[in-house]
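Labels run A, B and C following the written order; every chain starts at residue 1.
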Amino acid sequence: MKNRRSVPLPSKLSPKKEKEVPLQGIWSGTISFSLVAIPVQLVKAVEPGRVSFRMLHNKDYSPLLRRMVCPEEGKIIPPEEIIRGYEIGPEKYILITDEELESLSPERSRTIEIVEFIATEDLDALYYDHPYYLVPLKGGEKAYRLLVEVMRRTNKAGLAKFVLGEREYLVAVKSRSGALSLITLHYSEEILPSEDIIPKTEESEAVEKSRLKKIIKAMTANFNPDKYADERRQKIVKLLEKKAKEKAPVEAPEVEEEEGEGAVDLVAVLEESMRKVKRGR
Amino acid sequence: MGKIAAVAGHRLSLSNLEKDLYPAYGFTKAHILEYYRRISPFILPHLQGRALTLKRYPEGVEREFFFEKRCPSHRPDWVATAEIAQTKGERLTFCLVNDLDTLIWVENLASLELHVPLARAASPATPDSLVFDLDPGEPAGILECARVSLILRDLLSQLRLASYVKTSGMKGIHVYVPLNRKATTFADTKKFSKAVAEVMQRNYPDLVTAKIAKEQRRKKVFINWSQNDAAKTMVCVYSLRAREKPFVSFTRTWEELEALAGRGDPEKFHVLPEEALRRAEKSGDLFRDLLVKKQQLPYL
Amino acid sequence: MAGRAIWKGYIHFGGFQVPVKLHTAVKEERIQFHLLHRRDQVKLQQQMVCAYEKAPVPVEEQTRGFELEEGKYLLVAPGELAQAEPEDSRMIEVHEFVKSTQIDPIFLERVYYLEPDGPVKGYNALAGSLGEMDVEGICTWTMRKRSYVGALQMSGKMLRLNTLRYADEVISVQSLELEKTPLSEKELLIGVDLLKQMTAPFQPQKFVNEHRKKLQQLIDKKARGEKIVLLRPRRLKPTASDKLLAALEASLKKVA
């Protein structure tokens, strides 16, 4: 994809082949199989390519943030004053704290225990939810590499369960180009049945099928993901480039920086920073 | 032998000026008072508005000492105080060393060491800064602490946090991170410093420990994160220490610390009062920014 | 029962056409929590608030902007974005066919079931052909104003569309900067043995969301007023590099 611009736009708009992004630790803990334990950190494996916009206040162009508001008072409520509640009746709630959630599966909130291995070809993409990478933490490099190599040689994936945040996931751990990838999976009870969709009969015209196969053969090629571009994204980028040339951007007023959104694990970030420090030393 | 002195506007009765409080070194009360008088422009900003814990050595460093939190009842009426609720609920009146007079009066009581909390008396639950108290377990010493503090500084830089370092005046090193925000709590600073200490331990298990148990601390540098507490105090920068020699808890630039660690001589880390005065008068208070720089702990 | 059909289209390539209906394949089951004000348990709402004024902002005062650099935005009116939206069309255009094994699983995003919308014979012919030739059709389509690229697959007797990620959305393994730690052949052989011993057929129904059950139990316990005991998360001790071989051998003994 060629990107011809006269006004330089931030790098997030310029498409790159398989992104190089700074790593963001989401979780850190241990991955284990039988008696081998490997300290690891969970990081993103995909970054959405959509052009992302911010909502602004049209009065002063100050960015808008998503916050929890008390509807009666119209006031923003800070995180320390917020608690999670499960509704058991009209305006009746059972309150659940973070510690109580974490203590539901204490062994699983810091450990991904691989309970069995399966052949990778048996893992149906129907179950795939979201992919991540695992990177080894200090001391775990050798055991990590062993697991990667052994899964590659046997063409297998590991199945495990682990808890992240409020949810417990079934995950597949796979080997990809020398790294471990972790894919969260849907539970089989979440997969909708398809029996009523599948045609009751397999009937087809033999002639049609043979013609079809000829066409398919003629259209067979090697898979190259770079061939396909997000057209909508390209159109939006063009639109933005045009705007950048025509008008100066508006400026938002200085705001005191708020605490970051999103539950990024402190420990994961520290471990990631530590890696960078050690590389520099 | 007493003396009445007019110190910055108040009349103070000074006693036992010839008493040698550091007998092995030869540092008398008069010397101590003189040191604190000259270091006062640098030390006072760090004492002002803070509940003082005195550490008194009336008979000198080789004899008994006692901590005194409650401001002595025989204090002059011009000594500023503050009442602070303690952990069990009782309220104690603390001295506030807000001016030179009070500093001299306190030193006259042979409070060789001055210890203050991380929060000001007006807002005792809000720490102005976060501290990493590095304490070496034998046979580790100040060199190992220096190594750890340099790694810590790099780690904090990755998180865009500026940090400042001083020697404890004994075997340890203190790394401070200024915060100076009303919203910061001790729960925040404790959580953060604990997480950092544990990550350091995991990555340098032979050099660092985050565990308080004495057996775990042999040969390692203990990062005492639990000092980040409303009930705890740290020795104030520029305070004397009650060791054989009157070493000062003194500030270092990170470049100096790096050079000292490289040279490998533990003795070179220690600063005596003369040198402290000379350096402070030449370069000013290196800890000045600790009082004003606003920073926010990320990812809490 | 499969989910309701969410869209209708027709697969098209080389003069061949199959009308289909798209169904979602997954329904997530989650325990829903509300966020409450600790003080009085009033249910809170998520709203857009102004970072500067720190107050909620009504929809009429909201506008969209693209951040060019810190604090500077290009304003985009709703009508302008609409121009970038792809034309609605019902065509699922197949551009090429590739061997199933060529598609790196990391590109696979979400599966939709395809149901024949009317004539069945063409659908079956296509499904049968894809199955017998072990290929997938790479296709593009637009749905609800978004453009997609996906793989047309056969599974069982059914056709499926598996959406694909764009190439630049996948983070490269190079950026992880992993070390190439050397391994001994002995460790590798024992590792392979261990894996084989721990291999089982893929039976996803074995795995149940226990956490959800435990969460429901916790809620019930609290509703009854019972005391909750908190357990602390535990960390496993990492296997040291020089103890790796021993751990592998012990594991093999354990599973065999």
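Basically, a residue touches a chain if its C-beta (ideal position, glycine included) is under 8 Å from a C-beta of that chain, and two chains touch if they have at least 3 such contacts.
Bear in mind that the values here come from a model prediction, so they are computed numbers and not experimental data.
Using the contact threshold fixed earlier, the set of chains in contact with both chain A and chain C is empty. Highest C-beta contact pair count among chain pairs: A-C. Chain centroids computed from C-alpha atoms place A closest to the centre of all protein C-alpha atoms shown. Between the Cα centres of chain A and chain C there is a gap of 8 Å. Rounded to whole angstrom units, the spacing between the C-alpha centres of chain A and chain B is 46. We define each chain's centre as the mean of its Cα atoms; on that basis chain B and chain C are separated by 53 Å.
Multi-chain contact residues, meaning those touching two or more other chains, occur in chain A at positions 39, 137. None of the residues of chain B touches two or more other chains. Contact residues on chain B toward chain A in their complex (touch as defined above): 151, 154-155, 158-159, 191-192, 195-196, 198-200, 202-203, 296, 298-300. Chain A makes touch with chain B in their complex at residues 39, 137-138, 257, 259-260, 264-267, 269-271, 273-274, 276-278, 280-281.
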